[in-house]
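Each in structure tokens, the structures are laid out below.
In the two assemblies presented below, chain A is common to both, partnered first by chain B and then by chain C.
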Partner chain A sequence: MHISEGVLSAPVLAGGAAFAVAGIAVGLKKLDNNRIPQAGILAAAFFVASLVHVPIGPSSMHLILNGIVGLLMGWAAFPVIAVALVLQAILFQFGGITSLGVNTIIMAGPAVLGYYLFTPFIARGHTTAMAGAFACGFTAVLVSALIAAAALMLTGEAFLEVSAALVAAHIVVMIIEGIITMFCVAFLKKVQPSMLSIG
Partner chain B sequence: MLSETFAFGDSAIHRLDPRLRVVFAGLLSILTAILNRFPAVIFAVFLALVLIGASRLPVRQVLARLAVVNGLVLFIWLILPWTFEGTPVVEIGPLVGSWEGIRLCALITLKSNAIILALIALVATMPVATLGYALHHLHLPDKLVYLLLMTYRYIFVIETEYQQLARATRIRCFKPGTNLHTYKTYAYMVGMLFVRASARAQRVHQAMVCRGFSGKFYCLHEFAFKSSDWAWSSAMGISLIVLGGLEWAPIV
Partner chain C sequence: MMRTYLKRTPLTKAGWLYLIIGVILMVYAGPALGHGVQGRITPQTGMQVNASYDDGEPMAYAAVEVTHADEKLPFQTGRTDRNGCFVFLPDKPGDWRVVVNDGMGHQLSLTTQLDKNLELNKESGPEKTYGALSRPEKALMGIAIIFGLSGVFFWWRGRAEMRKVRDAKKTVS
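And then the complex of A and B:
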């Protein structure tokens, strides 16, 4: 989910940038120099995974996966997502320089939120963990959409309907992200449970 | 497949000092984002087009990128003119399009495209590794630059790995559809991608430690600011002042 360049007002862009810088600073502080190869290669995997298109009816959507990024990376999600957005901006021009801060908050904020809210559930038994993982994937996209809507609303009240449509358009995405996150966490718990406790 | 479509070329822009390009792209983008007057915005689009022209990029590919980027802009065009209160100009059935809504949409479209074109011309024309070195010389936090370089180094490797997984599912007659089986398959593929990435990261880290990695990257790349860079930076400075003047000068 990206807000394009040229849409938001200056105070919203500046506020987004300030919050993003703070989040990235916390994330970098928690990221040990020796874990940079780990974080970098996982970031590359997230970048590639977010290019995967899954079908919904006649159309398709690309994965967002910020819920799983949060579960795997904790606060490091901020620098990892910022770097992924820079790469997207350079390689495909999805988003640009001025909206980078706001877009980082839209994606990384819910990731960190999910990390705090749902990590305790992931460690529990199968059913609880599955429910927690679904909720994590669902909530991450929901909160992303809400932050994007809030950024538009703060720019001008004229964007009320656009914001509402944006959130509504993402409801199906939320459900599918929830399902993907659920199965992905189940897979990781079986194959490499140690990955789910880093953060 | 992933590729750096615009990174390699031979033009005045490709030869410019990457630090200058990054700084100017930042300043121009920020200034353009806060513009509100049409003459200024049109001048910003003009500047972006001049930069694209000077970078001699394939026009068709640039247009293809713009088409994708204009998705949200289109979304705004579909809603905003009909919901914005103001002087009515168009009526389609119960929908009334307001002049102010259309004006805002046009402003957003021009600004959005000007910023993206400037980004393509100035920043997408350098390999990401060069961007990393430029950001290092511009004193971004070391860890962030390492993370960028490390991620960039591995996206192509991981993409090949994903293609391998996708091929394996195709060989097993996997046909994506709207059903739980499809989502489960994709989730497992993504999960496998993470597991392999994590295992690879361990091997890479061990190999780096073997070669003396102590948590710091050393940047051997030095940039030289040439006389042509000075000429371009003055032209860029003047264009920014003109742009600011068009926006904030009192109307006579």
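And then the complex of A and C:
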């Protein structure tokens, strides 16, 4: 899902960068001091998650974890994910420096969306919370694939074909991310519900 | 003999001239008006491109574009095979650029330099080397950088807080 260097046209890259900077600014403003260490730990987890490869048939996919990052951080998912993506681009050549803005939107946009859509479910009873958590992990990756396809469409690829290919390639990751998000929420609800912004 | 034959035929001299010109045109223009095709399959060595994702999975059926540094138009376009391989036969020395794009956001860009014998210039091989650190070492480095950054950010935010507290103390005293 990381878009490489040189794939997208300059206007798409510039637009992505502008939106990403705006998102990071909002995220940093909304980030409380006492949540900074949590942001650091989540950034580290997001950074390393892409190195965990899930074998799917003959190919493999890596974890993304933007659903759980969004659920825990809200708007602060933008700076968290941006820092992790910068390091992934520099150290592992995932994505590229010029496509950082677009990649941040692809990963952090759905994270924030998931925060707004699914936090109300997390506060409810066990079954609803678990369903909400699964849906959050699942939807975040799905929306990421759709945004990536939209970015590629603006540079000339056919939207339906690319989005279908991306969604098909990530369907197992979506389910795995849903399950991981579910376990994380179940654990945090018992141990430290304050981390889930539900008090 | 020829003269009597020419006299007997109904064609005039001009008619013969047209006929001869027509035959010449047909013989020479033939290849230009209708292309025949020919070809053969021979074992051949060329420049082989192997494109794969970082986990080793081949970039199968990805679009490839081969361009010489001095030319604007691509020398060759095509797709990798199911093993992520692509072979091209460069026809002149210099820098050659190969771009492999899977259409889903991943793009591999390689440059190679050929000498006048169209052989790989060893000094500028196509392999990119990304530092000497292994992947776990890089992961550790990344985590350390992230923790360092959050520490610096924490201190920076804390400094503003401390200033507020100090100012509050001053106004109290």
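What we mean here is this: the second predicted complex is superposed on the first by the 167 of 199 C-alpha atoms of A that agree within 3 Å, B and C clash if a C-alpha of one lies under 4 Å from a C-alpha of the other, contacts with A are read in each partner's own complex, and residues count from 1 in each chain.
Here, a residue touches a chain if its C-beta (ideal position, glycine included) is under 8 Å from a C-beta of that chain, and two chains touch if they have at least 3 such contacts.
Source: prediction; values computed, not measured.
Judged by the touch definition given at the top, the superposed model places A:C184 against chain B, while chain C stays out of reach.
Judged by the touch definition given at the top, the superposed model places A:A39 against both chain B and chain C. In the superposed pair of complexes, A:A18 makes contact with neither chain B nor chain C. More residues of chain A are touched by B (comparison of chain B with chain C). Contacts of A:A168 after superposition on the shared chain: neither chain B nor chain C is touched.
Residue contacts after overlaying the shared chain place A:I176 against chain B, while chain C stays out of touching range.
In the superposed pair of complexes, A:T98 makes contact with chain B only, with no contact to chain C. Using the contact criterion defined above for the overlaid structures, shared-chain residue A:L63 touches chain B, although it does not reach chain C. In the superposition on chain A, A:H2 makes contact with both chain B and chain C. Looking at chain A, you'll find residues 2-7, 33, 36-37, 39-40, 43-44, 47-48, 51, 83-84, 87, 91-94, 161-162, 165-166 touch chain B in one structure and chain C in the other. Within the complex formed with chain A, the residues of chain B that make contact are 2-5, 25-26, 29-30, 32-34, 65-66, 68-73, 75-76, 79-80, 83-85, 101, 104, 107-116, 119-120, 123-124, 128, 131, 141, 143-144, 146-155, 157-159, 161-162, 176-178, 180, 182-184, 186-198, 200-202, 204-205, 208, 215-216.
Per the touch definition, chain A reaches chain C in the complex via residues 1-7, 33, 36-37, 39-40, 43-44, 47-48, 51, 53, 58-60, 62, 83-84, 87-88, 91-94, 148, 151-152, 157, 161-162, 165-166, 169. By the touch rule above, chain C contacts chain A in their complex via residues 54-55, 57, 99, 101, 103-109, 130, 135, 138-139, 141-143, 145-147, 149-151, 153-154, 157-158, 161. Residue ranges of chain A in contact with chain B, taken from their complex: 2-10, 13, 24-25, 28, 31-34, 36-45, 47-49, 51-52, 54-57, 63, 65, 68, 72, 79-80, 82-84, 86-87, 89-94, 96-99, 158-162, 165-166, 176, 179-184, 187-188, 191-192, 195.
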